[in-house]
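One chain, chain A, appears in both complexes that follow, with chain B as partner in the first and chain C in the second.
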Partner chain A sequence: MSSATWRNVFTYNKYTQIAARALRQSLNESERVQAEKRGLTILRYQNWENGVGGPQTHLVPPVEKEIKQGVV
Partner chain B sequence: MLARSTLRLAAQPPALGAAPAGARNMATLREIELRLKSVRNIEKITKSMKMIASTKLNKAQRAMQAGKQYGVANSEVFQHAPAEDPAKRKLFIVISSDKGLCGGIHSSVTKATRRIFADTESSVESDSPIMVIGDKSKAQLSRALGKNLVMSFNQIGRDIPTFADAAGVADLIIKSDVKYDSIAIVYNKFVSAISYESAVMEVETEEALKNSPGFKAYEMEEEVTKDLAEFALANAVYAALVEGHACEQSARRNAMDNASKNASDMIGKLQMQYNRGRQASITNELVDIITGASAL
Partner chain C sequence: MSVGSCDRLTLELIAADGLQVAMSALRLVSSAARRAPRSFATGRRGYAEAADKIKLSLVLPHQAIFTSTEVVQVNLPAATGDMGILANHVPTIEPLRAGVVEVLEPGNAAKKWFVSGGFATVHPNNMLTINAVEAAPLEDFSAEAVRANLQEAQRVAGGNGSEEDKMEARVEADVYEAIQHALSAR
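This part shows the complex of A and B:
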C-alpha cells in the first residue's frame, strides 16, 4: 500500500470522524438512530484579537430544512 | 378665634408615615399577598429545574465514567514519556458552558486560570494564549485576561458532550496558528455529587513527545506520532468536557435545591406575616365597630 497522503489534507481526528460517519450510516435502522446522536455537533467558534471577538462561525453549517409545500 | 385654631389643627398635615391605620394594613396586606404569589411561582420553577437537573445528572455521570477512561488512557502515555524541559509557552483551554444558574462552576474555572497567571513562581509567560469553551467563562475571562484570548467556542454542553465536539475543538486548535510548547486544560473535576473542584490536565505536543527520552521505547514512526498528539488532544478535551458537564448538572441541582429551600422558608414567613396582618386588621375593624356601637 502506498503511503497515505490524507495527512497532508486533514488531521487524524478528521480522519476518524469521517470513518465513524461512514460506519454510522451503514448500520441497521435502530442502531443507526442511536449512533447518529453520538455524532452530532453544533459547535460554533470565534477568533479573538486584542480582546475583541470576531464573527461566530458554525463548524458544521446547520442543514436548512426546506418548508414542504402543501399537497393540493 | 376658636374656629380658626380648630381649622389650623385640622389643616396640619398628619405625622409622617401615619396613614389612617386601617388603610395602611390593607396596603401592606396586598403587598404581602403579591410577594407570596411570586415567591410561590419561583419555588415551583426552581423545584422543576432541580428535578430536570437530577435526571440529567444521572445520564451525565454515566457518560463521565465512560469518558474518563479516555483521559486515563491518554495520560498513561504522557506519564511514561514525560517532557524533558518544562514548557515555557502553554496554551490554556478553559472548559465551562453557556448556561447559568449552576452555582460557582464558571467562576471556579476562571479563578483557577487567573490564579495560574498571577502565580509568579510558575514559569508561565504572561502572554500565553487562552481558548475558552463556554460563553459564561468567556465573558469573565475577556474582562480579566482579554489580551490573551485567542479563540472561543460555544454551543457545547446543551446535551452530553460528544466526541465529535471534542474532535472539532481539537482540529480548530491544531489548524490555528497558535504557538505553544504544551497544553493545559482547566476544568472542573467531579469530587462527589455535592462538590467539585477545579483541576488542570496537561497534554503534550508532538515535539515534546518526540524529544522525550521515554518515548523512544515506543518505537513509533514519525507520522503516527503526529496522529497520536492530535488524538491525545481530542481525548483529553473530551474527558474534560464530559466531567465538566457532570459537575455543572450536579451544581445546578444543588443550587436549585437551595433556592427551593430558601423559597419555601420565605413562603412560611410571609404566610405568618400575612395571617397576622389579616387578623390585626379584622381586630381593628371590630374595635372600631364596637366603640362606634358603644358610643351610641
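This part shows the complex of A and C:
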C-alpha cells in the first residue's frame, strides 16, 4: 500500500481518526448525519504556569459557517 | 494397535529373556493399547466443531455490537493479511486495516461489518475483543458517495499540497478502495 509510510507523517491516533472520518463520509445520507456528530471534536486547552493561565487554544480550529441570507 | 511401542518393548524383552516372556508382554501391551484412547490426549488441534465457540466482543467507542457473544468464527482483515479466528485460538494481538469483519454465529447466516481499523485481541480464556473506531454494516454505504470521495482523495494525493495532506488523502483513498472492494464482493 502506498500509504504504509504514514508513520513518518502522523501518529497512530491521527491515522485512525482519518480512516474513521473516511468511513463516516461514505455512509448513506441518514446514517451519515448521525455519524458526522461523532466526528465532532470541540476541545479547548490551556497551559497554566505559575498560577497564570495561558491562552485557550482549540484542538481543532472551529470552521466559520457562513450565515445564508434568506431571499426576501 | 500401536505397533511402534510394541516393537521396542518386545525387542528389549527378547534381548533380556526368552521368547515366552516376550509373547506374554506383547499380549499385555496390545490389550493395553486397545483399552487406551485412540487419539492423543492433549494438544490435539483439529478444526473446531460448531459446538466450540469463542466469545466475541466487537466494540466501538459509541456502540457495542457484540458483548461476549458466543460465535463460531470471526474473519478479520488484519494488517498482515486476512485471518479467521476459531474457538481456542492462540492469544494474539492484530492491528486491523480497513476491511470487512465477518461474524459466523451458530445457526445464523454470516454478518458483515466494514471496519475502519483498530485492533483484534485474542485472550487466553477463549475471548476475542475487536476494538474499532468506526464500523457499519455493508448496506449502510452509498456507492456513489464512495466513488466521489475516492476521486477527490486521489486528486489531492496526486496534487501538490503538503506532504501531510497528501498522506492523509492516500490513507483516505485506501479506505475508499477497501469499501468499494467490499461492496462489489458482497
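FYI, the second predicted complex is superposed on the first by the 65 of 72 C-alpha atoms of A that agree within 3 Å, B and C clash if a C-alpha of one lies under 4 Å from a C-alpha of the other, contacts with A are read in each partner's own complex, and residues count from 1 in each chain.
Here is the rule we go by: contacts are C-beta pairs under 8 Å (C-beta built on N, C-alpha and C of every residue); 3 or more make two chains touch, one makes a residue touch a chain.
As the structure is a prediction and not an experimental result, all values here were calculated from the model.
By the document's definition of touching, of the two partners only chain B reaches A:Gly53; chain C does not. Judged by the touch definition given at the top, the superposed model places A:Thr41 against chain B, while chain C stays out of reach. Residue contacts after overlaying the shared chain place A:Val33 against neither chain B nor chain C. When the two structures are aligned on the shared chain, A:Trp6 is found in touch with chain C, with no touch to chain B. Contacts of chain A with chain B, set against its contacts with chain C after fitting on chain A, overlap at residues 10, 16-17, 38.
On the side of chain B, the complex with chain A involves touching residues 142, 146-147, 149-156, 158, 162-165, 167-172, 174-176, 223, 226-227, 230-231, 234. Remark: chain A residues 1-3, 5-6, 9-10, 15-29, 31-32, 35, 38 touch chain C in the complex. Of all residues in chain C, those touching chain A in their complex are 61-62, 98, 114, 116-118, 133-136, 140-142, 145-146, 149, 153, 163-164, 167-168, 170-176, 179. Chain A meets chain B in the complex at residues 4, 7, 10-14, 16-17, 37-48, 50-51, 53, 56, 59-60.
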